[in-house]
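Just below sit the structures, each encoded as structure tokens.
Look for subunit A in each of the two complexes below; its partner is subunit B in the first and subunit C in the second.
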Partner chain A sequence: MSNKVEKINIKAALTLATTTLLGCHNLAQAETAETDTWEFDTAFLVYSEVDRVNAGEAILNAKKTFDDDKILNLKLTVDALTGASANGAVAQPTVQTFTRPSGNGQYQIKAGDIPLDDTFHDTRVQFNGQWTQPIASNLTASGGVHISKEYDYLSLGVNGNFSVDFDRKNSTISAGFSYFQDTFTPEGGIPKPLASMLIGDSSAPTWDDEFIKTRIGTEDDKTTTDILLGFTQVINRRMLMQFNYSYSIVDGYLNDPFKVVSIVEGSNENNSGVTQDVIYESRPDSRVKQSIYAQSMYHFDSTVLDISYRYMWDDWKINSHTIDSRFRIPMGDSLGKESYLQPHFRFYQQSAADFYRPFLIDDNTLPTFVSADYRIGEMTAFTVGLKYGMLINNGNELAFRLEYYRQTSTDAGFNKFGALNDVELYPTIDAIIAQVTYSF
Partner chain B sequence: MKTKMKLTLLVPLIVSATGCASLGVEPWERDLLAKDEMSLNASPLDSALDDHIYFSKEASSGGKSFGGGGCGCN
Partner chain C sequence: MSKRDFKLACLPDGYSIIFNAMASPCEILIQSKDLSLVNKIAITLTQEIWRIEDKYNRYDKHSVCSLINNRAGQSVDIDEETYLLLNFAEQCYQLSEGLFDISSGVLRKAWFFDGSDNLPSNAKVFEALKLVGWRKIKFDQQQVTLADKMEIDFGGIGKEYAVDRAIILAKQITNEPVLVNLGGDLAVTRARLNNEAWHVAIERPSLDSKLTDTTKQDMIISLKQGALATSGDARRFLLKDGKRYGHILNAKTGWPIDNAPRSITVVAPQCIQAGILATLSLLQGMNAEKFLTEQEIKFWVRR
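Entry: the complex of A and B
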């Protein structure tokens, strides 16, 4: 009984809060909305890498379906991130010192360790609003806005989508468009691409003047324009398929201001592999990505298989394969009312960007573009997980998800020599993902 | 002979690919397709959280839906 009272109160409070946010309902309407069709989905996720990044993310999604099939969807996301991330420099047999991205102080990395910058901590708040409605027989339109703000980053976005149903609604063609405008304002400013990281006595009176010389400004921005074309087909009573093609243009500041590249000794007979300099990365100021995506849902007698494949390629010469699959097994009332188990498996493989280098050699003149960011290097990753869901409190769904993610960077054919032979260049990242979802 | 064989193979292929009669269902046959778990995005919150993780850790994004911007994580 107490559960039920609490549930109604939460829902009433959220309904009121949501309608107040909308600013288009008065209190009386908000109160009557309690019995209307607001649906709330909530989720809390913890993402934890061994010795590295830890993140927590909470989502509150409110959806209202109106009588005439118009749908309003509002979503609030809050996440917090802390921990260490590889800065791109190579491990060395000696202690290394790096300047923090802000310019305030330095940090040291032990001999043999992969350099991690532990200054990462950020909190992000994101709001999404989406309105979907039929505009003619078999024609549906949708439009939405996106606002995301973190301490050093602002992202604003809009999107629109049209879909047409035909052949007894067995086939659907859709066309969508989205546009994002992002502004990056990192503490310490935007580093000058290919400039050497200033390392030394950060309390010296000349430090600030010297540090500012490695900066090109306080902020920079980028735009992302996406076009998404889709085709959905009901195959038969048990099977549904979707095919998408997407085209994405990203323009502007595409560097990661926190990433650097080591320049090692390798041009003379010594070939020591010892770091001579550390420079800020430099990426092109545009990227064109394309992908094809196919998904199939199949209902066996009681289980459901969801399997998808994505092939992505871009003009940085990265291409990737992603296979994602879920298999839902209903457990009846054996593990809770209408419970189910859902194993999840995901496989991901990507090739390196053509300007990716794990390090540079000191003989060459600097290339125009270079990055040692493992995220645009060659890698393989997989995820295995299990979701367990059940109905509680008159049909509200409670679900738990536990997953393990392993990402293995691989050598795309770069020669190692000297000190580099004794250190790890391509690390593995292990992460645990734990999530609770409650819908009411 | 070769052409004939190709045709023999091709014709059923085209017929099966374009034959509307064999694809799709009547409205009263949607009992399984109508289930929540048969929707293409059955768990949108899971998808949103996964997209954020993989967008931050890998060089690919989108495909199923918009790849977009939205965070300073990549």
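Entry: the complex of A and C
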């Protein structure tokens, strides 16, 4: 034991002695987690709304664990979106003509149809990087960046999070923040809120000059600041509870530049319910959202039930309830190695923003804020789905998910009259979501 | 739970098999929801672990170990397994230049590490030391002969050996990830599914030297392959005139190793290797970290 050469030989000699004792000839090397391996998750998702938006999404997630549980996570998401989306105008018993958001050309909507803008297509590339590391025995810190780019949209974000474990890691308290800066540069510029959509001969020499009068600039931006507080508690070996509270302030340009509102003749007029004008929507330039969230995971003898509930409210007077549940049923090796089935059910309900109007009436003065975007109207949605997973190739997980989504916009108490009685005001959206994931 | 029984606990992605063996709480984790497989693993592995306990427990008067000790001075027939273990003990004795000696257990007759200041007399230690000495043990593949009144004790290697044997059996039965943990000495058959590491909580004795201190903080270690073993026990020591006498005894002098760490945890391909490396490094006293660094292995030292 007196010099280094002998000491290094101890390990080799012990390996030999162990081999003799245990009768195993090719001893595996011990390997702790800080080996230089990356773990990858890949996913491909197709989202298809009936007659509307179709989206394809590919995700590559790479995770590397370094010494002392430091974790680097990199995620790349690419989405491609095509199809049509409701522009906010009401359906009419006659053909309607709308100008494209770019100002280049017009499109016509058949009588009785909900107006859809079919120029909806975009490709989004999104990158997220996150670094997580323990900074004291029970304290973990995490920080990340976010970049997302579309043709007419750029989003930059940073986030930070601290979490403290106590009670032998049975309890965790976390606090996080994130900050996003988003810039819109829609083709054709930013429409002037409440300005009338210019409709007419887009090849006329005066068109461009007239169109520009409905614009207030080429770009605008918004910032989002989120604060998240969380508490996770292991109740016992079978049960885990999580509670979150989030506070979010959004400031800046909150309109959707592609959404408009119809102004119709009042109920006592001759052409009651017939569109007189179409104006660009106008939303407040700030929004404060809060939400509370509770989740519980319970492991039965073999199955796992995961239920969560979220209540969100904001100063636009939107509030929403979300109930989400998953039930994981192991199937043993009956449907593939270590296979499982996981039914999914989600229910969502929201009330309308206080400035939501499906349409405006001609003789009223224009409100400061108005939007007919169904996404901030009253609605109910549910998702039912099934995920099926198994292990292939030495423990890598392959999973398939198929879901059906139905969103029903409902009447928040607005009277229909005249021409509006003959058309559908509140669209229903049906969508199919299919996803394949593979982890290796 | 009776002494020779196990119970199953459900985990999100598998089962935990909980039982007692070798005076320790033990656990086998299997990342599979196949109950028939889990039961097979539970029965096969616990039977093997209890078999080894019965065979080499010096406190069990029917054990092979007791048989050898009770017949010190005479030759005792042994089987191949016992021969291999004695052979392994011989290697460890040589590698440690006599510091590690499975016949040194009789020194316990002189030393009681109860936290008091009751050091034994030199005479008492010397008396006990006369019965220590691997060189006085003769063995071959058929027989072993201890000198009169000598005793051997497989306590320093038995638990780790049982971990390794259980891992070998688990690998024969299944490819699913299995972890065997016998009172903190543990090994895994492979990484968890998707090449994830096992996260193992190791009891970390408080750095506070007060005997009354019972707060323990777990240390989480990630392990993808191989084994991990801990030697030392921070709660077993004597304290006299400000000097601390840990329970790690030098088999050559009969006295505690000076400046030995309170405990050492080592990662190695096999549990028995990890255990011996941890023990050998404890025996290096203040040079423990240097010794471990030179072995180029992953380790944690608590002083």
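Note that the second predicted complex is superposed on the first by the 401 of 440 C-alpha atoms of A that agree within 3 Å, B and C clash if a C-alpha of one lies under 4 Å from a C-alpha of the other, contacts with A are read in each partner's own complex, and residues count from 1 in each chain.
As a convention for this text, a residue touches a chain if its C-beta (ideal position, glycine included) is under 8 Å from a C-beta of that chain, and two chains touch if they have at least 3 such contacts.
Since we're looking at a predicted model, the values are computed, not measured.
In the superposed model, A:Asn396 lies in contact with subunit C only, and not with subunit B. Legend: residue contacts after superposition of the two complexes on their common chain; A:Asn159 is shown touching subunit B, with no touch to subunit C.
In the superposition on chain A, the chain among subunit B and subunit C reaching more residues of subunit A is B. Residue contacts after overlaying the shared chain place A:Lys110 against neither subunit B nor subunit C.
Of the two partner chains placed around the shared chain by superposition, neither subunit B nor subunit C is touched by A:Lys317.
In the superposition on chain A, contact is made by A:Arg237 with both subunit B and subunit C. With both structures placed on the common chain, the touch criterion links A:Val304 to subunit B and to subunit C.
In the superposed model, A:Lys213 makes contact with neither subunit B nor subunit C. Residue contacts after overlaying the shared chain place A:Gly332 against subunit C, while subunit B stays out of touching range.
With both structures placed on the common chain, the touch criterion links A:Thr65 to subunit C but leaves subunit B unconnected.
Residues 168-169, 237-238, 299, 304 of subunit A contact both subunit B in one complex and subunit C in the other.
By the touch rule above, subunit B contacts subunit A in their complex via residues 20, 23-27, 29-33, 35, 37-40, 42-46, 48-49, 52-54, 57-74. Against subunit B, in their complex, subunit A makes its touches with residues 41-43, 45, 47, 57, 59, 61, 75, 77, 79, 81, 122, 124, 126, 146, 148, 150, 152-153, 155, 157, 159, 167-171, 176, 178, 180-182, 184, 222, 224, 226, 228, 232-238, 240, 242, 244, 246, 248, 250, 256, 289, 291-293, 295, 297, 299, 304, 306, 308, 310, 312, 314, 318, 320, 322, 328, 340, 348, 350, 353, 375-376, 379, 381, 387, 401, 405, 407, 429, 433, 435, 437.
If you check the complex, the residues on subunit A that touch subunit C are 1, 4, 7-8, 10-11, 13-18, 20-22, 24, 27-35, 37, 39, 65, 69, 137, 168-169, 237-238, 299-302, 304, 330, 332-333, 338, 391, 395-397, 439-440. Contacts from subunit C toward subunit A in the complex involve residues 9-12, 32-35, 84-85, 87-88, 91-92, 95-97, 161, 164-165, 168, 191, 193-197, 217-218, 220-227, 267-270, 272-274, 276-277, 280, 284, 291, 294-298.
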